[in-house]
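One structure coming up, written as structure tokens, with questions to follow.
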Amino acid sequence: MNRKLRMGMVGGGTDAFIGAVHRLAAFMDNQIELVCGCFSVNPKISKESGKLYYLPENRVYETYQEMFEKEAQLPEGERMDFVTIVTPNFVHFGPAMMALDNGFDVVIDKPITFTLDEALKLNEKLEETGLTLALTHTYSGYPAVKHARKMIADGKFGKIRKIYAEYPQGWLSSNIEDQGVAQASWRTNPKKSGKAGCMGDIGTHAHQLAEYISGLRVTELCADLNTYVPNRQLDDDGAALLRFEKDATGILLATQVAAGEENAIRIRVYGE
Amino acid sequence: MNRKLRMGMVGGGTDAFIGAVHRLAAFMDNQIELVCGCFSVNPKISKESGKLYYLPENRVYETYQEMFEKEAQLPEGERMDFVTIVTPNFVHFGPAMMALDNGFDVVIDKPITFTLDEALKLNEKLEETGLTLALTHTYSGYPAVKHARKMIADGKFGKIRKIYAEYPQGWLSSNIEDQGVAQASWRTNPKKSGKAGCMGDIGTHAHQLAEYISGLRVTELCADLNTYVPNRQLDDDGAALLRFEKDATGILLATQVAAGEENAIRIRVYGE
Amino acid sequence: MNRKLRMGMVGGGTDAFIGAVHRLAAFMDNQIELVCGCFSVNPKISKESGKLYYLPENRVYETYQEMFEKEAQLPEGERMDFVTIVTPNFVHFGPAMMALDNGFDVVIDKPITFTLDEALKLNEKLEETGLTLALTHTYSGYPAVKHARKMIADGKFGKIRKIYAEYPQGWLSSNIEDQGVAQASWRTNPKKSGKAGCMGDIGTHAHQLAEYISGLRVTELCADLNTYVPNRQLDDDGAALLRFEKDATGILLATQVAAGEENAIRIRVYGE
Amino acid sequence: MNRKLRMGMVGGGTDAFIGAVHRLAAFMDNQIELVCGCFSVNPKISKESGKLYYLPENRVYETYQEMFEKEAQLPEGERMDFVTIVTPNFVHFGPAMMALDNGFDVVIDKPITFTLDEALKLNEKLEETGLTLALTHTYSGYPAVKHARKMIADGKFGKIRKIYAEYPQGWLSSNIEDQGVAQASWRTNPKKSGKAGCMGDIGTHAHQLAEYISGLRVTELCADLNTYVPNRQLDDDGAALLRFEKDATGILLATQVAAGEENAIRIRVYGE
């Protein structure tokens, strides 16, 4: 196909955080172009964002439902090829399912959905349609991470024995969710974030990095989760002993109460 | 202007090194699009590169002369707005001057030109035309560098006293230019690289970083240049004591014979 | 008492490893002098060592039994005040018990004894006699460690929440115990080393450091021990989830198969 | 000689700084014992210090003159073998010369003397008597430093090309010498410290380390010295381009106005 891939976007208005990261990643190697979007539940923000992203007005939509319906009617070669969903955790399932129903491949920022049940439904749909759903984890994108993965895949370390993945943060060391810090409020709120706090937010990154770099899946774990800050509803700290395929073992550490740390994600992998 | 800036490119075919970096930097925030180019002195490589960059055939040119002439005749809103020149050092002046003559702004990777005389001629032309020529230094693009510059500009360090900039490399510790290493051959060849070896290649980066971050210009220096590897024609090592505006002082270190180092560029700035 | 403390030593001949460390630590602040010793099971080595340590011949003994008996008969002010035992793990209990029986305080390098039962017997004897037995852990001696302990004791970190202690080594990544490496042979031999391999040898250091610096005792743990190297009899790798007094939690990591590491002991403690 | 070396000390009372370091270094490998001293110009401090160092009263002297005279009259095997002088810079020459005149070897903390003229006189005396004078630089004592020196002497790095030695401190970034900080007052006072400020105090350490580790002497240098803090009498900052024997070159950096640094001494040596 001698043209760029055409991307639509749900979420990611100029007032949002992770959408800009997805656009940057999409654009940097010149293989993808943004062709349409519904960038906000607020139609005014969506419209203004589309303008700043250099989209024509008729490809900026008021709802994702409208977007999927209208794009599906455009001719091949004009309509989008896939959609990137960068909405809050609890608005992942709806647009993803509707995109698949309309024949579009899907990219979603982790977590895949709000509940396991929703994820299983998406999986069913994928098997049925043969479409692709890609779940993005930002740390996989770093050249050093890809290089490490390649070295291990090439056997440079021999058989892998130990994998230590850790992600200490300190920003939730006190109860800032009740002091109007928006990022803290939704992440510690089970209605917005889901069942998992620290483990869902950053433990997943450590876990994904461990599997991505080593090429080995976790098969068993023993974990200890804690909530250190009074009145917090979700875990803000945890650790797990891990067992991987092929006799590798390791540790996963994730905490948001390591006062003084910012995003000190780190992984160590040892082979024979 | 509610459209992206239109960039042309001279050099930067699929077989080249720094062109890809310029394209990535140009694309990542979605404000610039590539509209035309002459990507190689080899027309076949130029044509194939243009195809892989998703350009229409009629905007991929065989020579930069042809490109500037034809683009200049296109209507505003279609023709390129500026050109990025990513050719070897000795092919900077020609395309830059011709671009300016045809009314295009210019971006060039350092060094500006092969000789001081050429640089002065470009300067004259810029003053005459009011056009812009931007000289790029890759390290300025890092978020940490921009943050440091901002902290100093905001007075967080008080008046600046000391600036230590260093760029040790080790890859030219032996005579690899005579063993067929292409990157080493042209960089140690005065006919391709110009009068300066190590200082021109990487000392300039340390120098630019020092001035860019501190906001202070070097006013005086005392330097010691060396050529350590036998039969090498240009300096492969050097250091300088620096004096800056406003009583700051410092050191610049650049070497390509620090065996074991890769690109260990580092800067330290101390204020009151 | 306006004189230095008088130390005797069991083990620590010129052919041994840890004895020299104990002497250095004892001498460096000029409060302790070496007055006698039985430095080896080999009387010749013991005698020569004593000479090199500047002891008079009549205070260098052939057996520790002889040493305790003869020293006990010397007048106060001439006889040793305490004994430092720096023999292999399985020769800790015998000299320690005999020293206590003869009224001497005791210093032993960890581990305290070869079996739990022996340790309990020593404890009984200590309660009966009122004498002192000090168990040494080398890392406690570093100024940085003492400083960290002081900062926490002074409340600089607030209430402690997280303690991560780790000790990765790589030297036992392959079966060097069967290739004539003496240090590896006894450490992996349950008859010389006791029931614990990696955890006993270096996990104990991480554990002691965690408790020493934080001032908190481990109350519960969940551990996973492994033996990675074929034909090895003891654990060479492990990790544990820890719970401490006062709601602190943490991780202990100890491994001897982290290929590439030397003695990368590290501790992190986070408070409120 | 089957006995420890007998050390006397001038300076180093319990109220002093560097004397304790010398004693620790002297005692730690059990080859030297302290037998006498004149530990302060204040006889009371000298006497009390001697008691805490476990010396008999008759070996603690009121003046260094008295010490050298009386010790010289004691029989060999009882009198001191050498003296360590740990007094302020301006009291080095006097005791050193008198010690040599009385037949004692001498250890002095750097700088050797207050003026070049005094140093030359000591040198003359040494040639005349055949005695030894050792000038101590504390950083030479670190195992890592000795190991580096050994690696280079063994030819592990090939011929040495580059030597970068640096010692940035920040504690004199403001005029603390006029705010009652004793360590700052004498170090910035030419009557106590001599002609050199920063270069004499810490530049000498970087210089000594460079020569000690590389085994090469500096043959030429070009330096830039500055005084950044208003009203300060001596240099508080400087740097030098260095040329060494055998075509090595390098940089020496020493500053006391690198705000934020403590004792960030560092050396890098590169060979072929």
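For reference, chains read A, B, C and D in written order, and residue numbers begin at 1 within each chain.
Throughout what follows, a contact is a pair of C-beta atoms (placed from the backbone, for glycine too) under 8 Å apart; a residue touches a chain by one contact, two chains touch by 3 or more.
Nothing here was measured: the structure is a model prediction, and the numbers come from that model.
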Item checked: Touching subunit C and also subunit D, the following chains -> none
Check: Quick one: which chain's Cα centre is the longest way from subunit C's?
Finding: B
Item checked: Chain pair with the higher count of C-beta pairs in contact (B-D, A-B) -> B-D
Margin query: Distance between subunit A and subunit D based on Cα centroids, please, to the nearest Å.
Written below: 59
Notebook entry, point to check: How far is the middle of subunit B from the middle of subunit D, if each middle is the mean of its Cα atoms, in Å?
Noted result: 48
Item checked: Computed distance of Cα centres, subunit B from subunit A, in Å -> 36
Notebook entry, point to check: Of all residues in subunit C, which are in touch with two or more distinct other chains?
Noted result: none
Check: Hey, how would you classify the chain contact layout here, line, ring, star, complete or other?
Finding: ring
Item checked: Interchain contacts (touch definition) - all pairs -> A-B, A-C, B-D, C-D
Next item on the list: In the complex, go through subunit C and note every residue touching subunit A.
Entry: 157, 161-162, 164, 168, 170, 173-174, 222-224, 226, 228, 237, 239-241, 243, 247, 249-251, 253, 255, 257-261, 268, 270-272
Checklist line | Complex interface listing, subunit A residues touching subunit B | finding: 2-4, 23-24, 27-30, 34, 51, 53-54
